[in-house]
Every structure is written in structure tokens, then in C-alpha cells.
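In what follows, chain A forms one complex with chain B and a second complex with chain C.
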Partner chain A sequence: MKTIFKMMALLMAVGTMNAQDLPDGQTIAEKTYERNEGNSVKRTLIMELTDKRGKTRVRETTALRKYFGEERRLIIFYNTPTSVKGTAFLTYDYPSAEVDDDQWLYLPALRKTRRISASNRGDYFLGTDLTYEDIKLETKISRDDYNYKTIGKETIDGHECYVIEATPKDDDIAKELGYSKAKFWVDAKVWMMRKSESWDIAGNPLKTVNVSDIREIQGIWTLHRIDVQNHKTKHKTVFRFEDIDYSTALSDDYFTEEALVDGL
Partner chain B sequence: MKTTKAHKFFNWVTSYSKPILILSFLVFVASVISLPKLTKDTRYEAFLPPQDSVLIQRNQLKETFGLKDPMVIAIKNERGIFNEQSLHIVHDLSEKLKAIPGIDPDQVRSLSTENNVVGTDFGLLVQPFFEVEELNADQARSVSEAIDNFELYRGSLVSEDKTTTLVIAEMLDSYNLKQHEVYNSIQDFLEDFKHEGHDFYLAGEGAVSGYLIKYIDEDAMRTNPFAGLVIALILIFAYRTVRGVVIPNLMVLASVGIALGLMAFFGVDFYVITNGLPVVLIAIAVADGIHIMGEYYELAAKYPRLNQKELVIKTMLSMWRPITITSITTIAGFLSIAFSSYMPPMAFFGIFGGIGVATALVYALFMIPSALMLLKPQRSKAFKSADTLDVFGRLMVRLGNAVYKKPKTIIALAIAIIVLGIFGALKLQVNEDRIANFQKDEPIVQADAIINNRTEGTSYLDILIETPNNEDIFKPENLRKIEALQRHVETLPKVQGSTSIVDFVKKMNQSVNEDDKDFYSIPDNEALISQFFLLYSASGDPTDFDNYVDYDYRLANVRFRSNSGEYLDERVIVEQTQRYLDKNFNTSEIKATQSGKLALDVHWIGKLGQSHFVGAAIALLVVLIVAALSFRSMAGGVLTIVPVLISVLFIYTVMGVLNIWLAVGTSMFAAIAIGVGVDFAVHTVDRFKHLLAEKGLSLQQAFQEFFKSAGRALLFNFLALALGFGVLMTSSVPPLNQFGFLVAVAVMVSFIGSMTLLPALILVTKPKLFFTSKK
Partner chain C sequence: MKNSILFLKLFLLFSLLGWAQEQPKKTFWEKLDPSLVVATETSYEFDSGKLQKSEWIIKPEFTYKFNRRSKLVFRGQIYSEFQDNLEADIPNQQTVTGYNKRLFLDRHTNLELRELYYYTRLNGLNLTLGKQQIVWGETDGLKLLDVVNPQNFREFILDDFEDSRIPLWSIKAEFDVKDIGVQLLWIPDNTYHITQDFNAPYFTRSLFPTPPEGVSAQLNKPKKPNRFFADSDFGVKLTTFTKGWDVSLNYLYYYDDLPAFYSQLEIVDNNPVVSIDPEYERQQLLGGTFNKVFGSSTFRGELAYVLGQHFISDNLNATRGVETSDFFRTALGIDFIKGEYVLSGQIFNEWVMETISPFNRERWETNYSLLASRELLNDSLKAEVLWVHSSNHGDGYITPSLSYWVNTNTQLLLNAHLFYGKETQLFGQFKDRSRISIGFKWGI
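What follows is the complex of A and B.
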């Protein structure tokens, strides 16, 4: 027991010593934007949603993403379950926070494309525990929304990470995002977020996100799995990425309302 | 032979009086030490044992769909609630409720938390009815229109006349059995939450449970000391000595303390009717003390030369038999409730009532003689000498003379009561209503009335729909069945409205079709329905449908709202619904099961009638057997139960005339009245047997003797019981109130019967047991 205490004391001492030398939070956030994400990517995205009673919904989709300058477009085609096969979701994320993103959903049974109203950035994305903002950022740390404080270094899955604490810059941002506080663990080597914790507006623990199985695919550091645990609803989400392909050029035509209807 | 054994026994008791007293004290302390652990359970679910299949299913349903019995707050503005100020209040109240300890902040539902589903020309929009920051007169008007277009919330969340809207708040599971804390917090909060033109009302099942805990607490604080006081006064009148008051009271304290202490020790919850138990025990337990002290003073007057030990032994020798027999019959009354009741609150009432009476007997046999040994012989002014009689004694003698002169009139009167009583029994009405646990002028009763009048009500019937495979709920034929079920049940009396996943499907269909009212229907395409939910999840909260459909879309819950909590109404609804379900559901494709408060109520209240009559029958039978055995005569046994039988039949007539329901509280009256009331008959038969058969007195002499000594003690016994149970009539819990009233009247009838009809019967029929001398 004593040794453990000594070690802890030592670790804490090291932690505080190092704090001075650590990069500040804003710098870390900027760094996450510099990472190469590939201009476009095609991948299989399997969503596993589990409710608090342990019942699971599995949805297999094909997800295509491409940058149009700073504008990010994402289209998701549902393959299973059969009842939603052919359903497709398209989003245009504009770089400016002032401009509302555009989103459409195509329902094959209705044979109509439905525009989805500009949602709050903190709204949940298609019944998962990730918000629209989380999806947009993937593993980046927002440059604009938070005041940061670097609090130390920790290892996650054997990788060294900076730990930064984030508080929304103002109440409006906090309300929009649905977080009063967040904590991020950012890989010090590849500048990807490996873990995050967030608290709701009232200060209750809200979510824990774990990003894992990060490997180089075609020279690009790529995550293969995201686990989200919602502490309030006890709902869980697992995203698994497979068949990742950065090399095939994706035509601009995939990211249109017509493509939503036509499918792949 | 027997007497020698008894003599040895009481000789032993009086010799070891101090250790016995110390032991009595220790046992008492050891029991009451658990008292603080006692928890109160006032939920209606408490009326079913944990292993009950209907209850288990109910709990599973609650778990699957996250259903709870909520606190419901009504906000009323007679000029309408769709204005800026009122909606601000709705928002403010909803937000503040979330901060109240015990309230689940994610389960507060009101106009400010719920989402509106609207169709726009480009899609489906799920958004709050209003954003408080943007609230103005126009916004308020558009919320009003939104509710007009949202059938689901019309009538349930907002009253049809738009003067009342509800804020529904659920409690965290960790506050089970602590609902009163949440209730108090909300009540305190509402006290300070004043807004001109607005009234606030707190009701709902959660509030009823919470307020009941507080209510019965306050009631107990009032009735228990009052019962003690009444008993003390009777004892003062009877003996006019300090020990005559203190010693029986110590025994009463032990009886109540040990019974409740053991209850706490065994982790048995304190229910609403348990509140009556202390008062009942006070009234019953004191009887043993009255008889012992009465005999003691009578002997002290008769044999002034005896020393205390001789006096005590002599007292106990003549009293141990009758008090043991009467205690056994009373215990039999309580235990027959325990045996015949399926409902834990009543079963435990019987068990711990029995334990309390048994404790009183043990303390009467050990503690009273031991305590008397600490004192010197004493005479009571009430017993000046063996031959002089006080006013009570003279009263009883006069009664005896009357009986001796007109026995046949008395018997004729008794027969008339029997005939009337049988008619009354046939007309008894089993009914129950939770809100009837409160006085009519209680705020919660008024709140309940307002909410049930203006909105669709707070009494729920839930119907669980089960299908074999995931997503089967989406099948249009299944949704249509559910829809038809909703329409059918809504035609039943008192059912005001319902909600199911079907309502959302129809609303979504309308929304994606440019809000065209013609599309407020179930689409024919299963895939489309499935895709609606995906569409909804693009802008709505994924937990929005948790109350209505499970995560696999295999199970669904249909909730019906009724504005009556009365069993007679509930039974009609549940029975008619079952008939419909049997005909239209329960195939291999779709199954439906009733649950919710209504189904639970009908399940257990329906058993009340049966458990009442079975309980009464068992009590009568046991009392008959005990009496027959102790008098070694069947005729003696039958004679003994005649007065209680008449008392119970008389009560049926009273219930019919006063329109008193056979409910939880009242249904226990018969078994208790039999167990308690039979004491008078036991003493009467025992005494007459002693006077006629053993002493060989003539009938006339026996009458004289009986009325002046035993008659007097029985009069005080009766007064203690009647006034003790009468104390329950001051209870502000109506069921206890009625229970106390019925038992008090029954005891009175038993007493009068034992004093008049029994001697009359002995006089007229001359049964053998009174006239065959043992010698």
C-alpha cells in the first residue's frame, strides 16, 4: 500500500512538473485539424445501438465522405435491416458556424427526399449517442467553442495522450452543444482524440467516448472503432468502420440529392 | 389437579417477581430498538405480494417502458393557458421541478419539455412547442394551434377547454418509499410559487403515495396518544388507584411496542391500515389488565386479611383461564385475517395483531403479578366491601333483572336482527378508491378532482402488446389492431383517452404528407413505418418513444387514462376490455395483456369480498372450537358464538344503511369483531357455569351474582374496547375511521348480546352444561 502511495505522489509530482512544459489546449486543438484525413473516403460503417435493457439494433451502412474545399460532405446509405434498406442520409457541413448545415434523408418507401431541419449541433445523430457535432469533428477538437486547460499526460491503450479540460466559451455555446464541461485525451503522436468525457448542462456526467483500433490505412491514421456510453440514458453506441478506402476517387455526383435516391 | 398446577405456577411467578420484571423490561427494550427501521409503504402495489404473477408482470412492463406513477401538477388559468405569462410559468415550473431532489430530471413532461411533430413543405420537424427565449403573444397562439393539431396531447397534457395544463414528473427509483420527501418538497415549493390568476394543484399516484405517508404519520401522532388517554380515563373510573391505571398501561405499552418492534425487525413495511394497529392493540390489550385488576380489588375487599402474595395468587387463579381463552379467541380473529388475506397489508395486520395480543397475554400472566408483588395490598374505593355496589354495579344488576323477566322478547329481537343482517350481507358492496383514504376537504382530494375533471385523468390502464419478432409492431395489421383496441376501450365508461405508438405513426404520416389531415392514418407499407422512425431520429430525441415501444419494436404499450379510481368503475373497464382482448387478440401473431393500476386494482380488490367472508368464517369456526373445547360442550361453544354472529350480521345492516363499502379497512372488521367480541360471551358462559354448575345456585341467584361482579368487569371491558376502537373514529384516514366505527358498534352488540341474549337463552333452553354438577 505504502509503495502505491509513494508512486502516486511521485506521479503527481511529475504531472505538475510537466504541466509547465505541456503545449496549451488551444495549440493541441489546432493540431488536430492539421492531421491528414484524406480528401475522400469510402467505408462500411456498422452502427450498434444498445439500450439500457441490453437490446441491440444493428445497422449496416456504407458511408462516403469528401472535402469540397473546407466544406465537408457525407452521405450514408443504409443496407440493413431490410426495412430501412435504401434509406440514405446526406449532409453538407459548412465551415462557418453562422451558416446552418444542410441535411437530407431519402425514404425509399415514401419515394421522397426529406429535408431535415437545421438541427442543434448538440442533437443526437440518427438515434446514436453521438451528436451532429461529434460526427462532423470525427476525432478533432473544436477550435472555436472552448477555453482549454492542459492538465497533464496519460496513456490510453499504451499511447501517450495530452489531457485537456474544456469549458464552453459562453452559455449559448454550452446550451447548443449540450455540454457544460468536457475532457479530452489527445494522442500526442497522431493528434487524434482517443477518449473524451463530457458533462451535461446541470453538471451531471453525460458521456464517455472511446476511440480505438487506430491504424495506418494507405498511409493515413484511421480509427476503426468508437464506443460511446451515455451515463444518463444508459444507452450505448458502437461504430465499427471496415473496408476503408481512401484511394478510390469519389465522384462529386455521389454527394447530391439525386445520389440519395439512386443509391450506390 | 389443574388448580394445584396453576397454584404452583403462580407461586413461582410471585417468588421470582424481580427477575421476571427485569426480563419483561429487557424483552421490551430489545424489541422496540428496531422501531426506527420501520419503513412505510403506501403504494397500491403494496397490496399484492411480491410473488404475485400480475404484479411481476406489471413490474416488468414498468421496467421495459420506463413507466412510473408520477407526481402530477396542474396549472390552471381560467382565462386560458396559451398566453405568454402562463407558458413562462409552465417552463419555469418544469425547470424548477427538475432540481427537486428525488425527481428524475429527464422525466419531467410538460408543454415546455415535449416535442411537437410538424410537417413542413420540405420534411418532418421535431421541435419543442416553444423556446422560452422567443416567447411572445404570437408564439403562444401558435402553441395553441399546435396542440389543436396534436391529438395526442389534447385532453391529456392540456385540457380541452385550454384552461389547465399538466406538468408530469416522475421520481427516481431510489426514492421508492420516500415519496413523501418528494411530495413535501414539491408542496413547499408550490407554497411559494405564486402567480396571479394561476392556481396550482398537486395530485397523481406518486403524490397520493407520498401524501399518504405524511398523512398517516400525522394521524398516528394524534390517535395513539388519544387512545392511551381514553384507556387511562376508563381505568381511573374503574379503580381510582394509581396502580390500577399504571400496571395495565405498562402491559399495553409492551403489547404495542413488541408487535411493532418485531414488525420493524423482520423488515415488514408499515402500510396505511397498519396505522390502526396500535389503537386496536391498546383497546384489546387493556382488557386482560381490567379483568385482573378488577378481580384483585374484589378479592381485596372480600378478604382483607390476605397478604399480597396470597391475594395475587388468588387473583391469578381465578383469572388465568378466562383471559387465556379470550386471548386465544382474539388471536384466532387476527390470524384468520392473516390466513384469508392475499393482500400483505392485511395479512401482516393479522399476524402482528395476533403477536400483540399474545404479548399482552404473556405480560398479563407474568408481568402483572410480578409488578403487584412490588406493592402492598390495596383496596379500591370502587370496591368498598363485598356487598356494596357502585353505580356501575347497580346498573348491571338492573339489566339482569330485566333480562330475567323478559327473555322471550330478547330472543325475538335477536331473530329480527339476524334476518335483517342476512339481507344486508347479500347487498354488501365491495369497493375501494385510493383517494378515499383522505378526508374530502384535503387539498390532494380537490387537486385530484380538478385534474380528473379537466383532463383525461390520472388513473392508468396499460395494455402490453407482444409480437413474435423484432419490428413486428410495424406491421400495419398489428398497428390497426392496436388502433381498434384504443377506439373500443375509449368507448367504455370513465375512459377518457389513450396513447400508443399508433398515434405517433399517424402523426408522422400526416407530417410527411404536408400535414394533410387525410393522412392522419396508418400507412399500408411496413417499410415506410420503419423509415418514419429513422426520419424521426434525425431530429428527435431517441428516447421519445420509450414509454410506448421497446427497443426491438417487438413490444408495445398502450396507455389508457381514466378519471375514476373507484374499483366499481375499474372493474367494468377491465372486464369489458378483457372480453375484447379475448376475441380480437391473443393469436400467435399478437398478444395483449392488461396491466397498470386499473388491472392491478381489479386483481386484488376483487379478492376482498372473498377474503372477508372466509376470514369471518374461519374466525367463527376457531372461536367455536376453542369455546367448545374449553367448556367441554358443543352447546357451550354454540352459545358463545351467538352474540358475535349477531353483531356481525347487525354490522352488515349498518353498512347497507350507511352505504359503507366493504373495502380494505372495513373488510377486516368481522374477524376482529368476532375475535374480540366473543370475550364477553366467554366470560358470561364461564361465569354462569361456575355459578350454576359448580356453586349450585338457582337461576335467579346466579343472575344476581353474575350481573353485579362479572357484569361490572365486562362493562368496563366493553367500554375500553368500544371507546378504544371509537378513538379510530377520530382518525382522519376514512378507512380506519370506518373500521373503528364498525368494530365499536359490533363490540357493543356483542356486549349487549352477551348480557341479554345469552342469559335469556340459558334461561329458556337450560342447556345441560350449566346444570350437571361435577360433583
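What follows is the complex of A and C.
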């Protein structure tokens, strides 16, 4: 009997040690920013939008991203649907959280570039189930918006992940983001988010995001697929990334308002 | 004509240079990006109880990418209007240069080269050479700086500007000087607005005084510039983005796309006749745009100062019925975006700077526009209402519209254009043209 108690005590001690050994949530969030993303990348982004009746629309884009110091610039050109081909979206993402991003949208039907407010970061990105903030973070976990609690380790698709629970720091942030709570599964090896769940402001389950097909491209860990299920609208979006190229130098000229008009 | 051929040779030379720079890694077919859009719209006119138009537009497009820096773009169009109502019969196209004319197969169908240009980036210089659309300005619905290309007024201003704008053979050069983007334009193409005949549904009769009873009017052939270099238009645009402000300064040395309608009373066969001689006049435009985001709102503005605008005059002492004045136009707008909702308001002011008596307009006029739209069902459905109103004349129009993506490639469209106001005014004159339209766009 004593032996059993000793074994249980030992297991509990090991368990306690494990919980204490887990990095805290803020550290995990910070780690996701340290990952090498490459200075620039060009890739094809295909978005499949499926409504609750199963009707699917596909949009194919070419996305270019480049760092200008700490400032990150992203430009997305629509290739399909053909009737909106040439639509392009440019964003300047500034390192300071205090400064709103600058965003422009080029509409070929008007042949005009529209300046867009970037303050509504909880708005949905071009009809998909990810918000502008989700798109901006890719698989990073926000350093500034949440209080974190590490709640354990789980395995996702055979990969060990830290599980952290996130609560917005205040009500204003919660309203801005559209989430009252979130849970993230962060790969303990490559520091990329592999899964997330989020709850709306009223506390109802809102979205489940699964990131998959993560592999090294030109020495950089790269995701190839994101599945997003919106539990409220039953709408889902699949993001597929193809033809990923980190090695070709992208000219600064691609990340300008003129490039929105001129296209690729 | 020789100079037109020179322009064509230049275009071919640059295109061939593109081929010379070609990288052998991809095959011809891999470098070619073809696409096709088919659009149709049928409009029912409330007043007459008849179809106002029944049009089909087929738009093939080919982009050939020589390499990462150069491409050749072709956009064509086959346009059919089965009612033969908007541009009845085969128009004479007298305001269009010979190499920019549409080819009419019959009274319903025409072929048009919409765009054909070679684009290249050469060590900081971006060059676009060929037939193209060049768009300036920030405003929606009404144009201030968007005057580089002329327009076909087949449907007044109801048609998409993308379709009604007439592309011109031109050269556009863009480069940076420090933080300032410079755009230079040379436009040797002497094509001007296509306005409609007296009996066309969208003939803008509010622009012309009606001759006194018993006096007939005779519209003579327009006197059109035709010298390749001397009658070219030239433009400069400077742009910069600083401290969150997008700013541009624009200058255009050009011929007004609408002629000055000189008139005089003549006696022909013992009958009084008002003889109207349209002549295109040179003028200069100075202008600029700005915009900045404040929270959820974008504040934007546009200014255009035209030196030497010609107006048909009410002053009986005006020389040949026309007076000249500088003309100052401004537009201020605010766009508010929240989630799927967009609310956009604009106020347009126009001042005729000299003390003259322009026909059917006041020296200071104000127009408003309000746009409200909402995206629904993950952007597959869009509902929108646009309202344009003239404060001085009390006329305007309202356009409610719905568009719905049936699948990846097909979009259904339903809209109405409802005019109101006095029949003598710009918008009110089309009260009888109010219509409802249905159509679709399909692309591959």
C-alpha cells in the first residue's frame, strides 16, 4: 500500500513539475514572433468559401509580402473570379500597436484606389471567415491583446503543442476583435499555431481554425492550408497556399499604390 | 497619318524589346494569361413601357508576360444592343480618331479594341505604351479630375465608367523622385466625348438652348484638332504619401472633350436658322486630391481649377453665343466603414469664376451624393443605394442595386435608375428614362 501511495505521490510530483515547466502563455506568444518568416515571400493564395448549403465559391489570388525594417507590407492581387480580376489590396502593417495600419483597395471596375480604414480589425477579410487581424497575424499569437494562461500540452496531427487560453485584456479589445475568449494550440517545435478556437462576445462558440500541411520551404517553416469553420453561420473557408517562393527578391515597387493599378 | 504610324512603330518596337528580354524558362502558353467575361443587361423603361436596352458584351482579354518586368495586354470587346435604341443606327463617330473607331458589323453589333498596351519596368521607370485608360481623381459618380479619357454618353452617366470611358492611344511614364511619384502623360489621340443625336434616349438637351419658335437649328460638323504633336494632350501628376495623407497634384494641358457650341443666326432660303458650329478648345486644368483615414472613416477631397472653360451663354451680346471663364470645382467626401456596412457622402461645389451668364446653370452650384451599401452572406450578396441630388435645381437620381454571386464565376445583377426633377435640368430631363435592369456577368 505504501508503495502505491509513493508511486501516486511521485506521479503527482512529476505532474506538478510538468505544469511548472510549461512556458507561460505570454512567452509562447512572444516565441511565435521570433519565427523566421523570410524577408519576402510570393505565393498563390486560393480561398474556397462554402456556405451552410454547401455552395462553394473559389477566389484565387497572388500574395506578396515583404519586410521594410520592422514594417510589414502585403499586397494581394485577385486572379479569379475573372470579372473582378485585377482587384488588389495593399496594407502597410506598422510595428507599433498604437499606429493603425494603412490600407488601400484597388477596384478595376472603377479604376480607382480606395483608402480603407484599418481600425476595424475584427471585420471579416473579403468575405472569408478570418478577420483582418487574423490575416495580419497569420499563425502568430498576439503579444498585446490578451492575458494568457498555459493549460497544458496536447498533440495535434502528431505534433506536440502547448495549449494556451487567452482572455482579452479589456472589453474594448474584446469588442474590437470580436472574441470574448480564445484557445490556441502552438507547435512546441516550430512555434506556429496549429489550431485555435474562439468564442464570440456573448460567450458562444464562434470559430475553429485548423492549420495544416506545415513543412519547410527553402529552409522556412511554412503553412500550406488553413481551415476555418464558423459555428454561428455554418460558413467555412479553406485557405490554400501554393507556389511559395521566399528566394526571389521582390522589388519595393510592388508594394506601392502604383503597383495596385499596374498589377503584376 | 505619318505620325500615327510612327506611334504604332514605337509601340511595336517596345513590344519586340519585350520579346527580346524574354526568359526562356516558360513556354509561350505558360506566359499567356487569357480570360473572358460575358455581361448582359436588359432594361425596362417605366414611362414608355418598352425595353430601353438589351445588351450583350463579350470581353476577351489576353496578358502575355514576357518576364517579371514586362507584359503586353489586349482587351477587346464585342458589343451588341438588340433594341438598337441607345445609339440608333450606325453612328458617324466623327469625334473619334480613325485608328480609335469601333467597327460596326451592323446597327446592333460593334467590335472595339478596348486596350492594347505594352507595360515595362526599366530601372525605376514604369512605362505604359499603347491604347489605355488613365484615371485620375477620388470622387464617385461625378467627375472632376477624371477627364484624361473621354466618355461615351450612350447612357448618360448610368453606364459603368469602365465601359463608358474611351481608352486613348497614349504613353504613360512613371518614376520616383525621392518620395514623390511622378506620372507624365503624352496623349496624341484626338478622340473626344461621344455625345448622342437629338433623337437618342440620352441626348442631353438641357445643355442647349431651344431656338425661338419659327427658327430652326442646324448642327454643323465639329471643328476637330487633328495635328499629331501640336494637338496632343499632356499631363503631369505628382503623388506622395506622408504622415498618413495621400496627396496628389495634377496638371493637364488638353482639349475639352466637349466642344464649345458657337452659334449665330443665319438666313437660309429666306428662313432664319441658328447655325451651330462646335469647336474643340484648348484649356488647362490644375488640381489635386487628398485623403486620410480617421478611425473608421476616410476623409477625401478633390479640387479642379480649369483655366478658360467655354460656356454657352444667355447673354445676347456674347460673341457667337459663347462666354469664357475659369471654372473651379471641388469635392469633399467621407467614407464610413463598419463591418459589412459602408456609408459614403460627397458634396460637390462648382464656381464659374467670371461674371458671365452661362446657359441653364448658376454661377455657384452644389450637388450631393450619398451611397449606402451592405455586404451579406460572406460577400455573396451586396445591396447598395446611390443618391445624387442637385441642390440648385432640385433634380437628381436614385439607384438601388443588388448583386449576387451564384457561384465562383457568375454574378446576377438587379438595379433601377430613377430620375426626378424639372425636365429642363441635367438629371430631371431623363425622368422619362427611369428604368429597371436585370443582367448577369460570367467569366472564365
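Basically, the second predicted complex is superposed on the first by the 246 of 264 C-alpha atoms of A that agree within 3 Å, B and C clash if a C-alpha of one lies under 4 Å from a C-alpha of the other, contacts with A are read in each partner's own complex, and residues count from 1 in each chain.
Here is the rule we go by: contacts are C-beta pairs under 8 Å (C-beta built on N, C-alpha and C of every residue); 3 or more make two chains touch, one makes a residue touch a chain.
Predicted model, so just to flag it, every value in this text is computed and none were measured.
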When chain B and chain C are modelled together on chain A, clash or fit: clash
Partner chain(s) touched by A:89 [first = chain B, second = chain C, both, neither]: first
Touched partner set for A:58, first chain B, second chain C, both or neither: second
Chain B versus chain C as contact partner of A:257, first or second or both or neither: second
A:97 touches, of chain B and chain C: first, second, both or neither? neither
Partner chain in contact with A:80 - chain B first, chain C second, else both or neither: second
Chain B versus chain C as contact partner of A:202, first or second or both or neither: first
First (chain B), second (chain C), both or neither touched by A:249: neither
Chain B collision site on chain C, chosen from 129-137, 237-245 or 381-389, when both complexes are overlaid on chain A: 381-389
Residues on chain A lying within both footprints (that of chain B and that of chain C): 51, 55-57, 81-83, 108-110, 112, 114-117, 119, 123-124, 126-128, 233, 235
Complex contact set, residues of chain C against chain A: 35-37, 39, 61, 65, 119, 121, 124, 126, 128, 133, 135, 137-138, 140, 160-162, 165, 174, 181, 239, 241, 244, 246, 291-293, 295-298, 300, 335, 337-340, 375, 377-380, 405, 407-409, 411, 441-444
For the chain B and chain A complex, residues of the former touching the latter: 63-64, 98, 105-106, 120, 122-125, 127, 471, 474, 512, 525-528, 530-532, 534-535, 537-539, 541-543, 550-552
Residues on chain A engaged by chain C in the complex (per definition of touch): 49, 51, 55-59, 80-83, 85, 100, 102, 108-112, 114-120, 123-124, 126-129, 233, 235, 251, 253, 256-258, 262, 264
Residues on chain A engaged by chain B in the complex (per definition of touch): 51, 53, 55-57, 78, 81-84, 87, 89, 103, 105, 107-110, 112, 114-117, 119, 123-124, 126-128, 202, 232-233, 235
